[in-house]
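This structure is in structure tokens; I'll ask about it shortly.
Chain lettering (A, B and C) follows the sequence in which the chains are written, and residue indices restart at 1 in each chain.
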Amino acid sequence: QPSGLLLTPRRAFSNNKILVELDKSSGVATMKFKSPPVNSLSLDFLNEFCTSLEKLEKDRACRGVIFTSAVPKIFSSGLDITEMCGKSTEHYGQFWRAVQEMWLRVYGSSMATVAAINGSSPAGGCLVALCCDYRIMVENPKFSIGLNEAQLGIVAPFWFKDTFVNVVGHRVAERSLQLGSLHPAPEAHRIGLVDELVPEEKLQEKALAVMAQWLALPDHARQLTKSMMRKAVLDRLGAQREEDTQNFISFISKEPIQKSLHMYMEMLKKKK
Amino acid sequence: QPSGLLLTPRRAFSNNKILVELDKSSGVATMKFKSPPVNSLSLDFLNEFCTSLEKLEKDRACRGVIFTSAVPKIFSSGLDITEMCGKSTEHYGQFWRAVQEMWLRVYGSSMATVAAINGSSPAGGCLVALCCDYRIMVENPKFSIGLNEAQLGIVAPFWFKDTFVNVVGHRVAERSLQLGSLHPAPEAHRIGLVDELVPEEKLQEKALAVMAQWLALPDHARQLTKSMMRKAVLDRLGAQREEDTQNFISFISKEPIQKSLHMYMEMLKKKK
Amino acid sequence: QPSGLLLTPRRAFSNNKILVELDKSSGVATMKFKSPPVNSLSLDFLNEFCTSLEKLEKDRACRGVIFTSAVPKIFSSGLDITEMCGKSTEHYGQFWRAVQEMWLRVYGSSMATVAAINGSSPAGGCLVALCCDYRIMVENPKFSIGLNEAQLGIVAPFWFKDTFVNVVGHRVAERSLQLGSLHPAPEAHRIGLVDELVPEEKLQEKALAVMAQWLALPDHARQLTKSMMRKAVLDRLGAQREEDTQNFISFISKEPIQKSLHMYMEMLKKKK
């Protein structure tokens, strides 16, 4: 276990939704999501996430990041639906650019990245995990993961899809996306969506062991290799970021989409 | 089991090669190939197929189609070789456009599509199955499936290949296409060419259960997701349809190709 | 077993680093690497390799080639590091063009190609195997194979990567390349990097049996199919060969890269 030097985060980028710990001796940081009840990716969360990650990216003492959750049973519930419901087009645009920013930063990170998935991880939560170099999930079959957007009547954007295809291949992605599947941990492992399952009490230890394996390589070679593998997909959004934002705004503003998101939110409220 | 409302097909598009049943309560149609002895994809068959599918596509009561065979032991034997042998270039062109049309319509269908493969399915028969959203095959190891064109001395066009790669991945496709492999059902399942094997008596029940699963999703989200996954491959033929037709005509008209198709037809005749 | 007609190689292209045997009755040639101690791909080896392969390619009696090693425990150790260390930029350019030539010739060969991997096969050695139509490896877990360039602080070029992705898929390639993994034979089989494992004494027999299977197809159809599968990746290097060469020269000439290659060579010397 790392000695766990707790960063005193600068006020500017922290509102306590994410706890960042950097072990300078190993060069490994942990970003712990602690935004109860479900670590939803709100605009505030995304902004804090990007600022924290950028800081680590620039910190020479940091070579790898582990993403995990401080909230029991949930890794992240994905994009915050309240940000997409009944808001102005300006707000939708601002929110979407923050989602893009998160994806560009994690998928394109020059650090080694490991997702230590200690709870369910639907939609945008799954995306964060997909962007990492390696995914370890708690073997509890009650925890599930997947890009289930279609279940909500919405469509994952092409860069969610590209990231997913790069991990599980075209066929598995096509079926899973069309059905909006949430895969229980054992199934997620079987289809290659996560690389490894471990008991909950072994998760942190395993994540550090995997990270050590990735950091055993020379940074320069590892980074160039990673960039070579992901460049085409990263460039694709890079080249049409504003167009993608306009598409999102236009899609999410549609009456039937707003209606089905509202219904979904009502359903979630009743569940509580 | 669906109540099975038998459509009274308009004379214009039915000559009884395909039996279309639509269960309006579930929104599920079944297209049963009944063109003995082997459901070969003749020009007439293809025209009827496209007209029937187009009619279903426009029918608001229809949300999904199951493709299956009314001929024992064979799903479809693929493109009718007699259409490619000793005919005029005009005929070859007409035939090839019909093959393209079938592919464009099934692979690009906005309906959910399930192949209930109750017999062998070589070449073009395999293609029909590959275009579906899900493939269920009778577990009989005597039934085989594959793009075996190379065995006949011909080459599957790029869009057959693209569809195949999207299902089984590049490596499996490369090997299978070069060897012109016909995979027995268990092997087809192992390599991901079919999604599931069932006993023959369970096939229809299973196909309906799978279809219900796909239709549980909102049509709009499912359709947009499907289109996102398939657009690149669909557009590729769309952009060069006429060029592809001319390539086919020029290839199939070659003396050695005609000769090897003739030999293959003679061999088939002797088998009978 | 082939009667093994030993070619009397023309002086111009043989310096005995590769033994070429052609069995005219079966149309199958064997290229045996015999450049002790580790069959490293030196400029001389590559030139002889390309000349030998070109000769077979033009020989109508030859329809398939089996690549294997005459050196115990090693298939090929990959690119000769001495060619990349402390030499002139002219030399680097000449060497890299020879590496490209080898890849273009094997990956684009119109003959059927089988790798009979009877020893370890890191980096460039793995690339030779990846270029073949089929890979059989001795089941000894002490033999390993992989594109481990990152371990040496260097980066596999994009066409190594493209070839790898075409065999094992994007996800496996991304992880393996970033970690610079050398996969023991059983693991290499599990991830699809080799198609089959056999006991060492069965290797030649198996390679001939597999080759017979590939040669059972009409050459013309098999060749066009292979070309269709590989054209995009082959054309990509074809279109930027000189640019890729300049990239290599610039990268390999860098001080830190030269330093890490030097250290690696010293380490290898001490091992002896």
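By definition in this document, a contact is a pair of C-beta atoms (placed from the backbone, for glycine too) under 8 Å apart; a residue touches a chain by one contact, two chains touch by 3 or more.
To keep track of the chains, here are their UniProt names: A, B, C = Enoyl-CoA delta isomerase 1, mitochondrial.
It should be emphasised that the depicted structure is a prediction, and the values quoted were computed from it without experimental measurement.
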item: Topology of the chain contact graph, where touching chains are joined (line, ring, star, complete, other); value: complete
item: Inter-copy rotation, chain A to chain B, in degrees (Cα atoms; steps of 5); value: 120
item: Same vs different contact residues, chain B with chain C, by half of numbers used; value: different
item: Between chain B and chain C, centroid-to-centroid distance (C-alpha), Å; value: 38
item: Multi-partner residues of chain A (at least 2 other chains); value: 169
item: Complex contacts: residues of chain A adjacent to chain C; value: 133-134, 165-169, 192, 195, 213-214, 217-218, 220-222, 224-226, 228-230
item: Touch list for chain A against partner chain B, complex; value: 149-156, 158, 161, 169-171, 173-175, 177-180, 256, 260
